[in-house]
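We just call them A, B, C, D, E and F in the order they show up, numbering each chain from 1.
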Amino acid sequence: MALTGKFEPLDSGQVPRFAGIPTFMRLPLATPAEVDIALVGVPFDGGVTNRAGARHGPRELRNQSSLMRRVHHVTGISPYDLVRVGDCGDAPVDPISLATSLESIGAFYADLREAGAVPLSAGGDHLVSLPILRGLATGRPVGLIQFDAHSDTYDSFFGNPYNHGTPFRRAIEEGLVDPKRMVQIGLRGAISDAGNYDFANACGIRMIFIEEFDRRGPDDVMDEALEILGSGPVYATFDIDALDPSMAPGTGTPEIGGITTREAQRMVRRMAGLDLIGADLVEVAPPFDPSGLTAVTGATLMFELLCAVAPGVAARRSAQAGA
Amino acid sequence: MALTGKFEPLDSGQVPRFAGIPTFMRLPLATPAEVDIALVGVPFDGGVTNRAGARHGPRELRNQSSLMRRVHHVTGISPYDLVRVGDCGDAPVDPISLATSLESIGAFYADLREAGAVPLSAGGDHLVSLPILRGLATGRPVGLIQFDAHSDTYDSFFGNPYNHGTPFRRAIEEGLVDPKRMVQIGLRGAISDAGNYDFANACGIRMIFIEEFDRRGPDDVMDEALEILGSGPVYATFDIDALDPSMAPGTGTPEIGGITTREAQRMVRRMAGLDLIGADLVEVAPPFDPSGLTAVTGATLMFELLCAVAPGVAARRSAQAGA
Amino acid sequence: MALTGKFEPLDSGQVPRFAGIPTFMRLPLATPAEVDIALVGVPFDGGVTNRAGARHGPRELRNQSSLMRRVHHVTGISPYDLVRVGDCGDAPVDPISLATSLESIGAFYADLREAGAVPLSAGGDHLVSLPILRGLATGRPVGLIQFDAHSDTYDSFFGNPYNHGTPFRRAIEEGLVDPKRMVQIGLRGAISDAGNYDFANACGIRMIFIEEFDRRGPDDVMDEALEILGSGPVYATFDIDALDPSMAPGTGTPEIGGITTREAQRMVRRMAGLDLIGADLVEVAPPFDPSGLTAVTGATLMFELLCAVAPGVAARRSAQAGA
Amino acid sequence: MALTGKFEPLDSGQVPRFAGIPTFMRLPLATPAEVDIALVGVPFDGGVTNRAGARHGPRELRNQSSLMRRVHHVTGISPYDLVRVGDCGDAPVDPISLATSLESIGAFYADLREAGAVPLSAGGDHLVSLPILRGLATGRPVGLIQFDAHSDTYDSFFGNPYNHGTPFRRAIEEGLVDPKRMVQIGLRGAISDAGNYDFANACGIRMIFIEEFDRRGPDDVMDEALEILGSGPVYATFDIDALDPSMAPGTGTPEIGGITTREAQRMVRRMAGLDLIGADLVEVAPPFDPSGLTAVTGATLMFELLCAVAPGVAARRSAQAGA
Amino acid sequence: MALTGKFEPLDSGQVPRFAGIPTFMRLPLATPAEVDIALVGVPFDGGVTNRAGARHGPRELRNQSSLMRRVHHVTGISPYDLVRVGDCGDAPVDPISLATSLESIGAFYADLREAGAVPLSAGGDHLVSLPILRGLATGRPVGLIQFDAHSDTYDSFFGNPYNHGTPFRRAIEEGLVDPKRMVQIGLRGAISDAGNYDFANACGIRMIFIEEFDRRGPDDVMDEALEILGSGPVYATFDIDALDPSMAPGTGTPEIGGITTREAQRMVRRMAGLDLIGADLVEVAPPFDPSGLTAVTGATLMFELLCAVAPGVAARRSAQAGA
Amino acid sequence: MALTGKFEPLDSGQVPRFAGIPTFMRLPLATPAEVDIALVGVPFDGGVTNRAGARHGPRELRNQSSLMRRVHHVTGISPYDLVRVGDCGDAPVDPISLATSLESIGAFYADLREAGAVPLSAGGDHLVSLPILRGLATGRPVGLIQFDAHSDTYDSFFGNPYNHGTPFRRAIEEGLVDPKRMVQIGLRGAISDAGNYDFANACGIRMIFIEEFDRRGPDDVMDEALEILGSGPVYATFDIDALDPSMAPGTGTPEIGGITTREAQRMVRRMAGLDLIGADLVEVAPPFDPSGLTAVTGATLMFELLCAVAPGVAARRSAQAGA
């Protein structure tokens, strides 16, 4: 199928960036069936144990994504020339009920998958990655690349197994993610208990702490990560708190001493060869972001992720078309 | 034509207020031909002589209008039951060229008028009322009710006749507004020159300064205003700086000692019997509004204006349908 | 029992207001059994349907309460000379589970009641008034005076009966509050549905909307309110959104056109003769309060409420001592 | 002496308000000998007992005073046509030493007085009124009109007699102010001790609390105040915390329930007939003023004070010229 | 000519940094003829296509420049000992007219040049570099070193050839800059069109993208830059968005992944040997800078630029004196 | 003595981080005699020569320290398992009198020392290190490791020997610190006078400027620092302005181009082997910290310092117990 030009961002030489309805990347609103890649918001932060606010993330990420442009200046990737990308709105959530929201989000992503759209999502807190994975990963555990200050493999909090510190433990237990094909980059910060990483270690997750990262640098770390992830399907999740809080203060659980945006961009660009079934950018909490910088950063990383996801999606579509 | 229910705001019991694409009042996007009342943004502040920022007004007013509800609790007016209301997007503007923007905005409103949609607009600086009036007022000067700290009937600034201090002088000169059917409420603040109000006085504009307003109260003032405006077509313009800056700090030219929101709401509700051909809410400047209160206030006044405009529009439509 | 001087605020002539651990009013930490009036935080906002943040309310109210002084300048009431007042910490909450939190908050207040301490609480969202009432109102419905922009007598939201729009409907249904001895002051704002107030009207709640309030003034309104409340036990709840958002922008659901602080203070002072079994100040949401004004306002109203509650508590204690 | 036009604010039709060096009211820098009225900053807040920041007041008041215009729209007073007004810079202060600063500020004002310039000053905390009065009031106690939430007649704080709660007690003790010709308007807020006002009452200061003010209104209150002040020399001091903190949040000791700007403007305008020997506007603390509103309010009140001071200065100059 | 000591910053041991009129670096106001280096503001942002605000840059840069000191701690350069430096105020601008402003700014800089003053300017948006160059570069194209996230060599925007994305294309076309002696450092961010850099490449501009910069480091990059610039006259322009937005969030078009201040300072210090005919620091937009950090950063870079410009100016002056 | 478990932070799985009274690290309040390490606030900024605000530092550091956890993820150090740590409140200060405060702070620390508690303090401005050292260093000059943008070895300011630019000159002169065992890391920024560092150089302080630091890196620098400090008693002081202001904007004297948090953490961890008699973290000024990041950073560094201090304290206690 030839691209029609319908799924193009507004041209900032025709419509100024501050004008118009703020969809993601100033793209048209679309149904999942119309697009190859669906930009989606998941405005849910009921899994947050301290500072809520990520429920407002999708809206502010849409707002600041108006600053984005069309063509990646380093890789030359122009996602809108490769695939159809649209804003498919927000997953349905219930701000009062965690259980209902997990259900409705999961169903929404299952529908996306069936419609053939690869989702690039904006959280929401990190718990939303769990129902996303439930919707996407069917019948086979996928690989996972996670940029994060925290492993998010705790067992429970207040006796509750579902919160933003536990999604990937649940995902492993539910067979959605293969811990042997799982890499976490940027972990840091004090821990509540010396055994916090025991589960992750036991099941074989490759955890790359900031101290190791600092020593090796982004390229060497990504060499290893890509090898671990291999050629099978992979999901990518970027918690904005992986970044140094000077670059992303508006988040629920900031940890100083983080990854710089330069390093992060370098790493995300390396992911373009992966077989990505989806990606998300989570934990942007606008009420804690007076300068708006966190949302600008998050929107830029969503564009970087889009450029990483698009080539693979285009290739699969071509393969299908040829089949 | 029966209302179909299509032009309804999202139900906050189904979709939380922080979710979804921020259209005005969470209404559907629509073309002018589809609606009776068109909510429109005019993201232009090229007429500002000091603090710019109102170009970002439409977007933030849309954002905060998600807090609005359906039914007016005092008048019982439920605009969405009376008429079809939709978000018709933003008027086209050129941030670099004042002349081009005046042109394109005017043309946009002429199209709206021809499509039969009554516009309720969000500025932008106050200069945008001029091209709106050019688009709407054809062949007959209309009445004008203006809530404002400033008369905006200066002659020029830097030798330039088009800026946010001059729109109503130009509108009178161009025969768009009848100064004998024109009321300004809330004027105040020091003036640049003792003759600042000479033009307004000479052509018969009824200027109600805050001191007179303070003495008489909103009801008495509106009694007089409604009498002056009479039964002919009227345009309503609400500069957010009419309000006290404690209630609307985010504006380009704040003047202390203004109208309270309680007083303003009381007055706007009195306008429901006017033959309104359109209304606007201007000069909300989000970069100067750290708490977001100004946009909340502006969005609420837009809802009040909508409830003032809707009954007349419904009546005219009925009359046309009956004809 | 003579007051020992132990339950005194820190003297700002000895310890500057910015120094020291921020307890409520700079009072000592205490157990319920040690005090007559317990200042308590309820850091829970799981009942919020839009903008969360009131979970941080108790901490910031404590912080700003350092500005408070000892003696009421109008009534001359000096609460710390009348009764023992201490900071009894926060009610236990579970940020992930609404049901668990309702349970644990209710139990905490039942304990307070059994210990003989009258609670003055800082929310949290308005749902917290429900478990507070469950803890306090045993065996008899109490009267209720509520300052609020919203009636909070909705039936449900997202099909969920427990959220910050429903607490007083539940309280009435559960027999905790007598709707015939219930007054709501400051209601305003558009409504979601023309029938929003049907329940409140049907069961006899006296709702005083801002328009009536504006016409009659605080004294006349309180004359009526006090008559309705009568001489039986009364609970007082002050939602900070009763106030105009210029005076309290940091709240989840701001409504323009509200009560001024001058009016509010005048009304709260009239409550000193009531038989108050407790009071709360809710919905202060610090993440939306960049200037800190909302918390200053909330802390001052807590002091006003304390001066309204203390005389009755002192009288009851004297009566008991005399018995 | 005819006015030369030299002491004119920059014309905002020639130089935009955001341009140029921010002197007070965009006036020329001048020496005291060159002007009739000297606008002066006193960047000292060493007398603050809680939240410092007023040291930055003069700079931010200068910055926001760029919004001011030339002619008073109600009284028609055009100060720059009546007298020579200039920005005479800041009084010298030592941020580390309270004693040195009291000395240097006092000497600076004595010099101003000798040069024949009437000072309109921008604080700084309220303690700065003491050295100002020392410099101005020589050989005769003057009358005082004080707008303030606090009486500032405490005896000491931390055993220190000089701080922002004590200036007017010291001024009375030093014979600078005649307490029988002294009026305080807007007092409110809880007090540290039931005897806080004993000194003020004992020496005959007329204290008008907000509750009395609320009942009588600004005109009635000013009638009485003007009678008390009489025809002798008067100093005027306006603590920005007299205003409601919704209109002036950026101050060290905010008290809710204050005077509105409308009321304040009405009162200051009544002062034009007094024999004013100087005036000040104090306690604007920019670090606590994220929206900048407090400085806008303060700058506007400085213009109102200027219009109150100018006619008397012009009259005295004429009288001297005629003598 | 011996330096008289007249052109000295205020001594912060005599006048605290928060006191006094905020001129650049707390220097005296001066006419161009009085100084060797003129610090100048250009408060114009009419060339901005998205977020305006840089019109307020000069004022806030002056404000924060009060934090600057006298002597460079690394190079030992003490500019005020080498040359006469003063604040020459702001270039005249018309906020409503781009054409008029380009004209008046250009004329102002031509006058500066004729008066023999080398300008160090504070923008304003980047378009202001064009009229500055028109004023300075007469009869010979100069070299250009540009720190920037964007090449600013677009052709037009909205069909308009003059905006903040086009100044250097115009400057090359007008023969003001020699593209062969032009280096751009820090370029990054997605582009609107794959051909965005075609013009720059075609005419030989050396563009050093952040990825190359990251690999080579500031010293190696500057080695090359200095070689390209050679010994002829050079103009230096520093767009604050060259820096990482964590260090300079308050700008119109932030791009993550930028140059750190440490790297920037290292590079600017290398420029001391160039034959600099002027320099500017642009795109500081205070309304988007809640912490004030961007202006502190900008003011510090202005001091660094001053230390880079001063030695050459001193040398030229000596040479002229000797001639 | 076995640890009792009494001196444990609140468990965030039982009490959410936003709940409860904000003591340092959510530890119990304690008297000095009860603990091995005393966390203490020194809310004094009377030594500040420009932007005050650090008086509010202890309160906000306590507030944000609620985000801290128990176990250091790199070193494995779990301070609460090694020693008894409690919040011992604030040192007494007098906000009006510098002399009184120096006295009372010094006495407080002498008491701490006698009680056997090692203090980890939160400032306050940097002058507070002087009275702390007076209290701790008795009879022998100690070594000093100082992270700072400024040497703080000026002689005086405004003729006053006690301010935040002079503490370490005074400490050396008073024999509290041995300049030969003194290292300063992170110095940078322009200087007021070419001789600013003469004293420091003359007495042998090892000053490591940011340029040298940038070249050598944190490990090499710490190798040298540890050698200089040797095995004797050492005091550690961390001025938050040592960090880059992107990571710590809320401070009185920001200097761009600073140490990153990654580098700082790496260095502080190297200090665990020193014989530390105390440590402080100073100059966090909340009024200049709109995002709260500076306090988060400061609280994290306090935890890092705690992990550096605890092993030595534990070892000394063991040695004493064994003796």
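The working rule: a residue touches a chain if its C-beta (ideal position, glycine included) is under 8 Å from a C-beta of that chain, and two chains touch if they have at least 3 such contacts.
Just so it is clear, the model here is predicted, and its values are computed rather than measured.
Shared contacts of chain B and chain F, meaning chains that touch the two of them, come down to A, C, D, E.
Farthest chain from chain C (centres taken as the mean of C-alpha atoms): E. Interface comparison, A-F versus B-E: the higher number of contacting C-beta pairs is recorded for A-F.
Averaged C-alpha coordinates put the centre of chain D at 41 Å from the centre of chain E.
Residue numbers of chain D whose C-beta contacts span two or more other chains: 16, 18, 49-51, 55-56, 94-95, 157-158, 244, 246-247, 288, 290-291. Contact between chains, as defined at the top, is found for A-B, A-C, A-E, A-F, B-C, B-D, B-E, C-D, C-F, D-E, D-F, E-F. For chain D in complex with chain B, the touching residues are 11-14, 16-18, 67-74, 76, 78, 244, 246-247, 260-262, 264-266, 290-293, 296-297, 300-301, 303. Touching chain C in their complex are the following residues of chain A: 45-53, 55-56, 94-98, 100, 157-158, 160, 162-163, 287-288, 290. Every residue of chain E that touches chain D in the complex is listed here, in rising order: 15-16, 18-23, 29, 41, 43, 55-56, 58-59, 62-63, 87, 89-90, 92-95, 290.
Interface residues of chain C, counted against chain B in their complex, comprise 49-51, 157-158, 187-194, 196, 209-211, 214, 244-247, 249-250, 253-258, 288-291.
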